[in-house]
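One structure is given below, represented as structure tokens, and several questions about it will come after.
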Amino acid sequence: MSSETLPNAPPRRLSNAYQNWYRFSRNPTAVIGAAIVILAILAALLAPWITPYPEHVGAVVNFRARHLPPSAEYWFGTDNVGRDIFTRVIFGLRISLLLALVVLGIAIPVGTTLGLLAGYFGGWVEIVIMRLTDIALAIPPLVMALAVAAVLSPDLINSMLAIAALWWTWHTRLIYSITRQLRTQEFVEAAETLGASKFHILFREILPNCVSALAVKTSLDAGFVILVGASLSFLGLGIQPPTPDLGTMVASGSAFLPDYWWESVLPGFAILIVALGFNLLGDGLRDLFDVQEVR
Amino acid sequence: MSNMLEVAGLTKLFPVRNGFGRKTGDVRAVDEVSFAIEKGKVYGLAGESGSGKSTIARMIMGLATPTSGEIRLAGHSIIGETGTRAYGRKVQMVFQNPGSSLNPRRTVGQSIAVPLAAHGMPGGTHKQRIAELLEMVQLPTEFALRYPHELSGGQKQRVAIARALAVAPQLLILDEPTSALDVSVQARVMDLLVDLGRQLGLTYLFISHDLSLMRNFADTVGVLYLGKIVETGSTASVFEAPQHDYTRLLLASVPVISAEEEAMRPKIPLIDGEIPTAEQLIALRGGAAAVSQRTEK
Amino acid sequence: MVDALLSVRNLSVQFTTYGQTNEVLKGVSLDVPARSQIALVGESGSGKTVTMRAIMGLLRTPPAKVTGGEIFYDGRDLLTMPDRERLKLRGTAMSMVFQDPMSSLNPVFTIADQMGTILKYADRRLGRSRNRRERMARVHEVLGQVRMRDPERVARSYPIMLSGGMRQRVLIAMALLSEPRLLIADEPGTALDVTTQAQILKLLKDLVEERGLALLMITHNLGVVRETSNYVYVMNKGVVVEHRPTAELFEAPRDDYTKALIAAVPRLTGGTSFGQAGVAV
């Protein structure tokens, strides 16, 4: 009888995925961000095969090729012991992305679960979890990493753990506030009246509705983790030489500024581009999902 | 005829606190409400916003705890039983807003499967039961794969009905089930509810502010104002010969589309200014609402 | 109708979303004569809201696009008018009463602030100027016209301090500030209780008669149509399917859709019966 489609509702058969893809692809900066991220991930994965001098990752020295500027032979030039900087940057990217993966891989499950529990159950559970989160939030990650390095050895694993130990707090807060809002939604009440278990309500009803916020936060976070990781290794707390690491390269290259600028600036540039890519991707995802919330 | 549901002296108080957290009084959202629903019949709770009708529904469903009073289902008190799985098999609810009562991230089939899984139905049988239920609410079985945003309002509400009926409850609480729908869609959904009621022997508690709808769906009606039932009786008698001033005011305010309806309506000159809400009465230090209200001319 | 205050002729609008284009209005025509009370009724998706937004100039032009037709106000086509001219008319010649009093008022400003701002900008568009005292006097005057017992107190209040009915009256007052000749009411009272809605509708009727305004009311409620209008346009799927004087439409509807719509409305007298076994009257 009557058409029940509003003029600006999508036609019935268009799936969510198609709509998202369509809108996302219309946003230029988001597409750029996504492209950078995908390229970076691919480069990191295929590093041994796409870099011109994969052996320069190890303890190789070539004193005749020291401090060479960028050229056709060495795209990013060479460093103070003659190693190809481009190769080392790509391998350094691997470390950075691995760092992001590990930190977020710990922070997301832990933070999300705590946020769900605190937001849904309230009462003592909420108080305990949120106050714990407040305490953890008060500790600056870099200082924590320094402390850990002082107690244990300055090492990438330890740094990662130090960061992960504090990173979950932001996720907890985010998921907590979303859960609190959703808790009073009718579909959650309906699940309760229909007899669903608490596990089901938390992980099958509420959590899927947090996915968009999580996706945005994760992409933005990845950029930040990379920056924090690079800062740590710049300070000497990260991976030890000769393994390449972007922050370390910026640090050791800085001794040769401004004459051999490429040794410090180009790895720094790589950090910038990758972090920027994640940021743009995260912003694009947020624009995408924001519009959806305002139905 | 035995009663499916009996409610006696049901009361729900919400404390009113001042800026320092000190309690200064109570809002009597539901005030000593009593009624009974016969098995297989429809009982309507009519009222405007703030009348307490939704609170009553939620207390019966177990989503809110009464401050005092009794609720008996088929003779047994339900205190302590609400919120349990067993209770969910006997009483279910269809919510007002189909847009938010279905999880936007789950397909129709997954939403309907929630009660099936929760009540221990083995996973292999779900598909068939879901297909049965979709057929019962006159939706094509392919809809099980669709997401709520792909459905119209009326279709979503049918899904909500199917889901509520999944574990075969005896009492169905309908909280403004059609107020978010267009009038023609509303008629179809009401048709469905009547047919299902007859087929499955359901008892309905029907909450609505729409008096015309109430007139044609409920057997008995209770008019709620500020948490109290101010008038009750068979639908025909309450509508044709309303006793209480509030009922008469309600009937006089409904916009109608035919001369016959206009003729049967009480003639009350509209008062200037609004009838008070519960909070306003508290603020006036009047305490509990007066049961009898005289309209001002 | 030549002497109509507002005349929509063959309006067509399309919406483009996700690369797909839908024709949302297909050649809609309606007339609002001066001092008349016209109702535009339809269900969701009928196009009545789009029509209203096109008249007020509130269509977002991506995704919407006017593909044909004219909208004449006082003989001038709004669609081809330069933006500045059109802006002058909004709020001054024709004014809109919004639907939801809860969300249409900014919660962090007082009524006086909000109404004062509207008046200030309307004056500016018309080249008039009032100082603050004169503006407040006008605000109080208009609040009195919508039957507020204590206009000064209402003006000093924040929206949250007022009841739903009072907020709706504030919205009506806002629409009356610059003495428009045409009032467009978007589902007035639907967000309110039926008793409050009855008062608001009565208020609208009284105001319109007292001030000689033209009223275009958009609604989905046939009862409201019957009680508040003397001419009605019925829309379905972007087309006007029938338009008649109100009394005639209800007594003898001609179009099938109109008939079905009227039949679907439940009757207070109890004649409607639901269920397959019953026949809807």
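Note that the chains are named A, B and C in the order they appear, and that numbering of residues resets to 1 at the start of each chain.
Going forward, a contact is a pair of C-beta atoms (placed from the backbone, for glycine too) under 8 Å apart; a residue touches a chain by one contact, two chains touch by 3 or more.
Computed from a prediction, not measured in an experiment: that's the story for all the values here.
Peer 1: Out of B-C and A-B, which chain pair has the most contact pairs?
Peer 2: Spelling it out, more C-beta pairs touch across B-C than across the other pair.
Peer 1: Could you pull out the chain whose C-alpha mean position is farthest off from that of chain C?
Peer 2: It is A.
Peer 1: How many angstrom lie between the centres of chain A and chain B, each centre taken as the mean Cα position?
Peer 2: 48
Peer 1: Between chain B and chain C, what is the separation of their C-alpha centroids in Å?
Peer 2: So the centroids are 31 Å from each other.
Peer 1: What residues in chain C touch two or more of the other chains?
Peer 2: Counting only residues that touch two or more other chains, chain C contributes 43-44, 260-261.
Peer 1: Counting only residues that touch at least 2 other chains, which ones in chain A make the list?
Peer 2: In chain A, the residues touching two or more other chains are 1-2, 4-5, 10.
Peer 1: Would you give the residues of chain B that are in contact with at least 2 other chains, written as numbers and ranges?
Peer 2: Touching at least two other chains: 153, 182, 184-185.
Peer 1: Okay, in this complex, where on chain B does chain A touch?
Peer 2: Spelled out, the residues of chain B in touch with chain A are 61-63, 83, 85, 88-89, 92-93, 95-97, 100-106, 111, 114-115, 117-119, 147, 149-150, 152-154, 160, 163-164, 166-167, 182, 184-185.
Peer 1: Where on chain A does chain C make contact in their complex?
Peer 2: That would be residues 1-8, 10-11, 14, 18-19, 22-23 of chain A.
Peer 1: Once bound in the complex, which stretches of chain C touch chain B?
Peer 2: Residues 43-44, 147, 149, 163, 165-166, 193-199, 201-202, 220-227, 250, 260-262, 264-278, 280 of chain C touch chain B in their complex.
Peer 1: Quick one: in the complex, what on chain C touches chain A?
Peer 2: Per the stated touch rule, the residues are 15, 17-20, 22, 24, 43-47, 49-50, 63, 236-237, 257, 260-261.
Peer 1: For the complex, which residues does chain B have touching chain C?
Peer 2: Those residues of chain B that touch chain C are 48-49, 153, 182-187, 190-191, 193-195, 198, 209-213, 215-217, 235-236, 239, 249-258, 260-261, 264-265, 270-275, 277, 280.
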